[in-house]
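Since the structure comes first, as structure tokens, the remarks are kept for the end.
Letters A, B, C, D, E and F mark the chains in the order given here, with residues in each chain numbered from 1 onward.
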Amino acid sequence: MLLKFSTWSEIETYLGKRQDVFIPIGATEQHGPFGLIGTDAICAEGIATAVGERDGVLVAPSIQVGMSLHHMKFPGSMSLTPQSLIGLTLEWVDSLAAHGFNQFHFVNGHGGNIATLGAAFSEVYLKHPNVRCLTTSWYELPPLQAATAQYFGDGEGYHGTPSELSVSFFLYPEQRRETQPLDDSPLVDDQLYSAADFRRCYPDGRIGANQHLADPKIGEKLFGIAVDAVLERHRKWTELK
Amino acid sequence: MLLKFSTWSEIETYLGKRQDVFIPIGATEQHGPFGLIGTDAICAEGIATAVGERDGVLVAPSIQVGMSLHHMKFPGSMSLTPQSLIGLTLEWVDSLAAHGFNQFHFVNGHGGNIATLGAAFSEVYLKHPNVRCLTTSWYELPPLQAATAQYFGDGEGYHGTPSELSVSFFLYPEQRRETQPLDDSPLVDDQLYSAADFRRCYPDGRIGANQHLADPKIGEKLFGIAVDAVLERHRKWTELK
Amino acid sequence: MLLKFSTWSEIETYLGKRQDVFIPIGATEQHGPFGLIGTDAICAEGIATAVGERDGVLVAPSIQVGMSLHHMKFPGSMSLTPQSLIGLTLEWVDSLAAHGFNQFHFVNGHGGNIATLGAAFSEVYLKHPNVRCLTTSWYELPPLQAATAQYFGDGEGYHGTPSELSVSFFLYPEQRRETQPLDDSPLVDDQLYSAADFRRCYPDGRIGANQHLADPKIGEKLFGIAVDAVLERHRKWTELK
Amino acid sequence: MLLKFSTWSEIETYLGKRQDVFIPIGATEQHGPFGLIGTDAICAEGIATAVGERDGVLVAPSIQVGMSLHHMKFPGSMSLTPQSLIGLTLEWVDSLAAHGFNQFHFVNGHGGNIATLGAAFSEVYLKHPNVRCLTTSWYELPPLQAATAQYFGDGEGYHGTPSELSVSFFLYPEQRRETQPLDDSPLVDDQLYSAADFRRCYPDGRIGANQHLADPKIGEKLFGIAVDAVLERHRKWTELK
Amino acid sequence: MLLKFSTWSEIETYLGKRQDVFIPIGATEQHGPFGLIGTDAICAEGIATAVGERDGVLVAPSIQVGMSLHHMKFPGSMSLTPQSLIGLTLEWVDSLAAHGFNQFHFVNGHGGNIATLGAAFSEVYLKHPNVRCLTTSWYELPPLQAATAQYFGDGEGYHGTPSELSVSFFLYPEQRRETQPLDDSPLVDDQLYSAADFRRCYPDGRIGANQHLADPKIGEKLFGIAVDAVLERHRKWTELK
Amino acid sequence: MLLKFSTWSEIETYLGKRQDVFIPIGATEQHGPFGLIGTDAICAEGIATAVGERDGVLVAPSIQVGMSLHHMKFPGSMSLTPQSLIGLTLEWVDSLAAHGFNQFHFVNGHGGNIATLGAAFSEVYLKHPNVRCLTTSWYELPPLQAATAQYFGDGEGYHGTPSELSVSFFLYPEQRRETQPLDDSPLVDDQLYSAADFRRCYPDGRIGANQHLADPKIGEKLFGIAVDAVLERHRKWTELK
């Protein structure tokens, strides 16, 4: 159930029954030579939408531009600053909390958002003591980690990974790019610094990822695993309260 | 050409040829008893995407939550404050201007965004003297106004109009709601004040709109007219410089 | 009745009877070769003061520096950024709303303020649901447009116009500048971009205005028309509620 | 020489010769039973204007609403918060520094502005290392203190003083209020806290001031002393550099 | 080498040789019935100071109040909001980066700071592309985790832990509180929400910690392990560049 | 009684009896050739702590980095901007006022903080009408001024003074620097402008101070005088209410 495809009275009815909502959050940033700039938003939105359908949970619009400052030396990347992303998160929650929503489950597709989301949640709780927020980065869920290790091994890497490319190519087959084998892109440091640093260390944008392994069929399987895992996590969380 | 479906090297190539980009901006707000909460974003995104395809112009992600504070007494409405929407607009332009984009054409689906966008542009020019911005509210273009008057006459109204519902139902036929005749919803004042004022004056959310006139077939025609008109306006504007 | 010339107990008495107030808002910006930098503030303050006298409406201090970023390449121009002008507007309303004022009529002398004021009002209503704001740009009122067309025709132009110069020279005759005929200053584009763009397109600051037509006697007539029209608009608006 | 009564080319000429400017700053706040709400702005603007005429120094528009939060329990008082007043001061200096002004002399009529102006200047210097700012609170100048002691003795008090009322009644004789003897209004504490505290301690708004001593003739003398003293201070300061 | 105990010329000399600096960051928040409110700052400052002495690395003043909004229902707790802590972190780095420092190692004593610090670093890199930041939460270092498990097992818990109490009592023996056995304080949820939620779930402030196990002698050992581990991590990091 | 060395239940007990608290505020800035960068924080913290012990008043953590923008051309100086220091002050007060504290006595060691603290207090009172704040700059207290004049005469100067160096060397004897006679450092102007201006006028950082006069034994005496004077001032202030 998508908010954008609902009427206000349908939302009124929904709120009479439950007060949880998914907010997909991705990024608009380079994903290496063969990955789509929208990969993170595509995956987060796709997974949240499917989970929402399975259990009838409302899905708000996606935050499509996230915290990607470190990718800004690659054309097409967009980013909010952390301070702005905190403010935006707070106002989205303000809006929905004003109607009675009180459990916000952010389905996240981008590691760079995590710290800022965490900071934002503390601002949320200060303003809305009865609200609870949760971030689930789909690719970090244990069943996903297991499947990714099995399919791609060390080729998975850390950015522009074959797993996220596979899911995006499964969801939008016509957008699949023809991958080719490339040299390795080894991890230089486990910290990320400025955008200039990033481009110098990882000139084509990948970090340790063998994009030639990307495959929509594997994407379909990973997608199914992700939907199951997010759904289970959501059920546990909403029952907890 | 959608940014989210591009790779960074494709954007690099695009920038070698042209530096204009569309940014669709809508709203996530009540649209009366039969209109979708996402109507404004759906229309703006749909039109901008089609225009982008016609002339090969890049289309950035849509701003789906706009300035809708006056709709906040209807469940499901979301809004940024004007100050935040200015900040978000500025950072989106910052991001793309950093790569060399310099003409930003905002295809707008929501009247409540116009003042704030205008304010934002002045902040943009202060920071980026070489950037130019343009807002086109598709429903205000003369050919649209003419067609709307012909199809809906006084039933068009001012919010939750049959024209925007028609376009949204044309673009997403499966989301079409079964409209029914309703009492008139006369315009109380030509100014809008607080959300409480709005709900008191317009209890079901419409302003003067006869939603029962909404028709996907008319939507298709309006959509075609809008795409032509936005395209023509974009061509003139980009040639001007 | 001017706020600055009142005592606090006089305002207490006023509030026992009515809660409306005028706030004149102008600009401090170049007005071409013969126009005063304070033209917009002079006109707005003069008209609001006269209207206030006619109906006993309180007039707050003028906002003398408005949103004039696009004029900043001409010496002497001053500007707030839109974000700051929103903040200032909000705090002026906060101050007066704390005492019980609830209808704020901004008499505006500068087109560049309009978008920002509109954005500010949305912030006002969020914080003060019972407050109502109205902007009246005196030069846009239909009787003014008619009179201006009659007196100046195409020579009126868009910035540094003979009508505003005439009103300012009528109000401060000793400040009248000796105008001279100048070359035409044709409109380049109907949008305004950065300050550098503005100066390049309009090197002496005028936009399409024949300042040699400015005449204090015509100014007197325009002033009278403006006072009548603002007064009528104010009466209708305050009765509406 | 007033900025509002200048043309941009006259300012260009001025800047070719000197780069100093006065900015009057007052307040819009209660001044006890017989004092005008605009007293502080009236005095600061009147003195700065006269000094400007004497030495041909430019005078910018007045900041009419200052930091008066502690007066907000009296109808008609207006205030910016310190953070906003810092921002406004910075943008006024930004505007004029962009044209080449580099010595900003704030002629101040209100004690409540002093701390905030001091804070603002540090922000100014961070952004504009070549700019210098000076605050002169006219009523604190030694010759004024001496004259005030002579004319009013202990009756001068601390707020709504006979000296400032006298100056304002001299400048605007038609605004003179008929004063009457009142009970003493003794100083409770030498610190000011919240607006509620202020109203509780000083119910009619005065602090220790005998407003019945106010006299436009004395006002004329004080005004003359102030103009001389500010002029002398300005000359020394501008020669120093 | 402590910044506060240095002269400016000693810092000039230091910068001629190296550009790294430690910034201890703790918290001022409740630490259960027997823990000191300053525990996190005490540990972070103590460890950073000792490491600084070992390798001659400069240590800046400690950030003593961190992000502790969730502890605010316990008297004495203090907190910055995330937005403010980001701003403060940015200005501390601005200050030191202006002198040439470019490696900022934050020695952290409080889990609640981590997300906000991460967000702050992205703002830092945007402004200072040549700066690198690192957070080390001493209690999360593998040798610490191993030692803690050995000494305290499950009694370690998550907040107000015997390990941090032990270190603080070792560093300030005179501040040791007489602990007593208490009921278990089981972990309710692995997420933290509002301050009211926290107090309801953990009424005496501890999370799963057996404070009666705290022992200054164990504190001494943990402290030694921490100093060694932070030192090693710092050496590796500074050599990396 | 130091907040950092208290438990939350001890603070709860304290609040049952009294609601006043000291907040020491210093600076981290150059203090000339022989003065420690932490001088202002060292003195303020030392004095506040001793006063707190004498009367059992709680002492919060010190604000160690203050408003020192004008010292930023000397290595090691750190500063918050005024806007940030206002925000930090407000959040510290917010935190403690939430627990019931209502009298905040800032013991200040740095003149550059005074204006900004004053501005901050107005923001505090707006948000917390029942809170009262007081700044005491220890070195400005009359008994200190008298003692300083006696010990150092004109050699005291205005920055990096022998009195503050003496107190810091008394409190931390091992940090005493070996002073030497230096040329005079005359006062150039009684205003301070930008950091570049400061360094140009006062190349070694002192203003008019003969640091060779610094003496820990005199420091001990000054410290005792300061503790007595602050204590007396605090008692009077807390009784006043």
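Methods note: a contact is a pair of C-beta atoms (placed from the backbone, for glycine too) under 8 Å apart; a residue touches a chain by one contact, two chains touch by 3 or more.
This one's a predicted model, so the numbers in the text were calculated from it and none came from an experiment.
Note on chain C versus chain E: their Cα superposition corresponds to a rotation of 180 degrees, in steps of 5. In terms of C-beta pairs in contact, A-B outnumbers the other of A-E and A-B. Of all chains, the one whose CA centroid is most distant from that of chain D is A.
In terms of their C-alpha centroids, the spacing between chain B and chain D amounts to 48 Å.
The mean-CA centres of chain A and chain D are about 56 angstrom from one another, to the nearest whole unit.
Chain A and chain B, compared by their mean Cα positions, are separated by 26 Å. Across the assembly, chain F contributes residues 81 that each touch 2 or more other chains.
Chain contact topology: the protein chains form a single closed ring, every chain touching exactly two others.
Taken in ring order from chain D, whose neighbour in the chosen direction is chain F, the chains follow as D, F, E, A, B, C.
Taken in their complex, chain D has these residues touching chain F: 67, 69-70, 81-83, 86, 112, 114-120, 122-123, 125-126, 128-134, 189, 191, 193-197, 240. Put simply, chain D touches chain C in their complex at residues 2-12, 15, 28, 30-38, 41-42, 60-62, 64-65, 72, 74-81, 84, 87-88, 91-92, 95-96, 98-100, 172, 175, 177, 205.
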